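The following blocks contain the structures, represented as structure tokens.
There are two complexes below, and they share chain A, which is joined by chain B in the first and by chain C in the second.
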Partner chain A sequence: MSETVAAGGPPEQEAFLQLRDVAKNLGGNPVLAGVSLDVFEGDLLGLLGPSGSGKTTLLNIIGGFTDLDAGSVRIAGQDLTALPPHRRDIGITFQKYALFPHLTVFDNIGFGLRQRKVAAPELRQRVGEMLAVLGLTGLAGRYPRSLSGGEQQRVALARALAVRPRLMLLDEPLANLDAALRQRVRFEIREILRSTGVTSIFVTHDQDEAFALCDRVAVLRGGRIQQIGTPAELIYQPANAFVARFIGSPNVFEASVQHYDAQTQSIRFVRDRFTGAACVRAPLTPGTRVEVFVRPDEVVIARADDVQPAKFRVKDWVHLVSGREAWIEGPITLRARLPSEATHLERGAAVIPSWRPERAHAFAIEPAPPAAATT
Partner chain B sequence: MMRVLVVLAVVFATLPGVIVVLASLTAGQSLAFPPQGLSLRWYEVIFADPDFRDALLTSLTLATITSLLAVSLSALAAISIVRYRSRATALIEAMLLSPLAVPHIVIGIGILQLYGYFGLRADLLTLTLGHLIITIPFALRMLITSLAGMDRQIEHAAASLGATPRAILFQVILPQMKMGLLGAAISVFILSFDDVALTVFLVQPGYTTVPIMLFGMAENQVLPSIHAASVILLLASWLGVILIDRLIGFDRFLFRDGPSG
Partner chain C sequence: MQVAPAIRSSRLSRRATSLLLLAPTTLLYLTVYLGGLVMVLVMSIDVPPGVDSGGATLAHYRDVFGSAPIGAIVLRTLRDSLATVAGCLLLGVPVARYITASASRWKGIVLMAVLSPLMVSAIGRIFGWIALFGPGSVIADGLTALFGGKPTGLLYTEAAIIIGLTNLLLPFMVLSVASSRAHFEEDMSKAALSLGATPLSVLLQVELPLIFPGILSGALIVFSLSTTNFVTAALLGGSGRDLVGYEIYLDILVYFQQGRGAALAMLLLVVVVALMALAIQTGVQRHEVRDTAARTRGT
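Then we have the complex of A and B:
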């Protein structure tokens, strides 16, 4: 487990936050199993996973609110297991903000400084700074329940950052904002975290958000880390079928291996009489059932000329902000995203789809995993 | 139709009080409604009675102390029961709530036996202990409800900001329970101030409470002074509510735009 993890960061540097084989059972179910994770100083790591994959549980373990059953959590070389939450110096924003309802915005943000016995003038100055940075200055005297979701979210962030923690954990900070606000706040958060230089883990179940914000992203599923890497690595070199399916809403279809080429680490597959190429992570013997993943923007469609047997026909066009998407139907149904200026192919036109082999990924279909590991 | 019913209900609920107040103002010699002429003479009579003044003082002191003690103890118990659920706290909860299942008269007889066995006399301590037994279950139930509705992550947030468990208790948990604490304190005050079924076993001549004294008066001399005494009981319980209200800062809490529990 550890080797795959360390691959994401510079190996000579000691990671600031180190999780090793963290395991947690809740109500008899393994919620986290063997989670190992390195976060380097100043990094913004995305923790991406579907609902129920254990993201919040992992943050609770790092924060000290949940005991771990096995494994260890270290910050800057120090084991945190015996350290109570209030001595960990970890800032957290919670999924539901968890602001103090009985305190004003000013006192919410000043709460941590007050615990640290910061003198009144300095406290006022530092809270004032946070208010200014997060655009909350006019709201200092208001109570949380009179704030909008976006404002509450910023107060939560200001409150956590005001004490300048050594690590920030952000649990889906944008989940409760509407789409337009989410885009804006996303970059505000990135700027703020960058400018403070604080090491952070940003939890989300939204892949776009993780990719837009984070240098590295860990994909969690059913309490296990599936892959850690840069957005490009997750897109172009998915470690397994789950990551391939989760990232970029690809075309997915089943096929069987016709030929494996060890030199290019790719296969030719066949599905009904349609053959194509895809890269693989491990050698596969001919006849193996595989699942093939290819994202719509990697699929090129060309009008079939008279020589080629046409196996596909254009079924429909969908207009998207980023261009147009063609649905083509043949032995399988595929989506192909085309730039808007591309040639128009009328409905019913005979076409041939193709893609660069390294842009399609095939994984052997494994026998159904044990119930606990499914999500 | 609905409105008529509401009006009837309000009239029915307030009528006894109104009648007592009016009857207490009579200038006549006997219990009569409507009153014959208006005067405050029966208030003079009742206040001239040193036994009544003693009983009033006892009632007020008893209800105030019971209220403060019952609510403090219940708050601590509620926090450990809700936040540190274990077999031990479940047992404590069951024990503290158990008096709810026993009629006050039965509890009274039990305590009387116990006090008799240890040779304890009626005084503020023994009365307060008795009242705590019957009021803690109510306060505890109210406070458990108020705590159960609170978001635990708010406490986690406080801890992540460096708040010690003690700071979390005083700066985060208790302030959020304010409405619950106030409600519990007022309920306990009224329960204690009103109680007859239990208290009747705990008092003795020379040391009694107003409700018990009123019972005695109703048996012996049926004079309008009993009405005056009842009105004083009513006013005193309002006074208690207002006092508690000030103590916990109910109004300040409501009229800022702070949360209302």
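Then we have the complex of A and C:
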């Protein structure tokens, strides 16, 4: 299985931001290893990964705050290695905003323009534009400490965008907002980034956020890119067991391969007396131990009849916002989701689960890797 | 707004408790500190023995202003104190930055090392310096070899006083600047850099304004402690009646001119308090203007 997956985008087009085999050790640990990434002009790329996977370190390397041990970072064909941070022309927003507390909202947003010696009238006009775009007009004279979290977040965005950087890096910009605000600001950010047309990398550990905002998403784990693709690709064609497990909290169970069908690239597997189908990424020989991933909303349950003996029983219901989730028990325990108006299935009812083979994913269980990868 | 009686009384009792907790400090300041000051004030206007008793006199103050070297002594005191403040700033700000930087590994050890002068007794420390700076020491021989001149080393020079005071008072500057640097986050300097600010602009436009209150209070503490210091000045500055603090000490405890010493002490107090008030005023104003501006525009 390859570490990086084809980046998509028109093949003849040269990527605007190119990372090649970027590696970084911190305190003796490989924090990033062989990271290659292409971001095309005007794209919004999501960088998704669990805590400690190296997302912030990667942004620090692109921003020039951390030296890389190996590899290269290029923007528009130019190698950035020797370029100090203040000459990179990359806008950054930080998880804790890092606004300048001694400056007003106006002066925070105008800070970058001042560094560029933009004349006063133009500065006033451009800051005014940013204030208007981000709905901050009434707050120009306020100091950061008197702003709400959402307002501070928008000031941070305005401050970075005011200088019209060629690349924007956003490090978990919504992490400090409450759930309702997060939903709203999420789309505001997308609209603003779209309307400015700036190429951006959006870091998050929230997959809903990444999928809602980004054209393409890179999944990072333990300093390695697991997969890069559109949200649909990550959901329906996970590249490996980690991505399959990480996206959409699927059912996970072990089984062994009964039969491999080269034509459909799928297997039949057996677990105790339960058999099912799943698609695979590589040919597997019968008897191979696999892990099978299938998301609850792909699992269809039908009441068992006399023809097919029931192997599963409904154990319990859980009510979720999106519908009801049934726990069914048999050789394995599975979660299945049904719309709330679905037929009533009482506890203890005999049922049969099934799914479309291409919606379940099986990966061979590799011999336990050394500690670093078992997150 | 209507406040329920129970809430009001609990609020009252909370305020009473917090006032009560201040009482011992208040008492200590009223008796020991203010009482002492009043005694000095009384001494400074007390009629000298032998002269007609009764009433007060400004004779001691006239005496102070009349004595020829006093102007030079005051000037030298201010000069040495300012030099000490400058030395503490130059040395202390980088140290404070180091111990508050998140990536520093040795910050605990560096902090201990910086504070260590305060843990050695004044006499012990100063005799060490005399051995170090004095005639026959490595430093003295080295200086003589380099620049010629008399082999007395640095001892009994203003330079020795300034170096000694800087060493002694550095901890106050470091602690003061370090505590104000808590408002500064590394991410702010990254943000500034990403906006195109050079490392120097980041220092001048972001970091310095944020640690300014700490620099100001550190400078005030160091300044007032050096103008009033006399042990360091007495032993390193030698027998010349060099600095105001030492002059007061001599007047009161050696020459028994208590009135003159007390008058000098009062004058020093007034000058230092005035300078501090001025500095605080300028410092506080900057912040207050900001705060009120923010508040009036807010909500």
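Assorted remarks:
Throughout what follows, the second predicted complex is superposed on the first by the 365 of 375 C-alpha atoms of A that agree within 3 Å, B and C clash if a C-alpha of one lies under 4 Å from a C-alpha of the other, contacts with A are read in each partner's own complex, and residues count from 1 in each chain.
We adopt the following convention: contacts are C-beta pairs under 8 Å (C-beta built on N, C-alpha and C of every residue); 3 or more make two chains touch, one makes a residue touch a chain.
It should be emphasised that the depicted structure is a prediction, and the values quoted were computed from it without experimental measurement.
Aligning the shared chain A places chain B and chain C in steric conflict.
Looking at the shared chain after the overlay, A:115 reaches both chain B and chain C. In the superposed pair of complexes, A:160 makes contact with chain B and with chain C alike. After overlaying the two complexes on the shared chain, residue contacts for A:317 are found with neither chain B nor chain C. Contacts of chain A with chain B, set against its contacts with chain C after fitting on chain A, overlap at residues 60, 63-65, 84-92, 94, 96, 98-102, 111-112, 115-116, 142-143, 145-146, 159-160, 163, 165.
Only residues 183, 185, 187-188, 190-199, 201, 205-206, 209-210, 290, 293-295, 297-298 of chain C touch chain A when the two sit together in their complex. Against chain A, the residues of chain B that register as touching in their complex are 151, 153-154, 156-165, 167, 171-172, 175-176, 178, 256-259. Taken in their complex, chain A has these residues touching chain B: 60, 63-65, 84-92, 94, 96, 98-102, 111-112, 115-116, 142-143, 145-146, 156, 159-160, 163, 165.
Touching chain C in their complex are the following residues of chain A: 60, 63-65, 84-92, 94, 96, 98-102, 104, 111-112, 115-116, 141-143, 145-146, 159-160, 163, 165.
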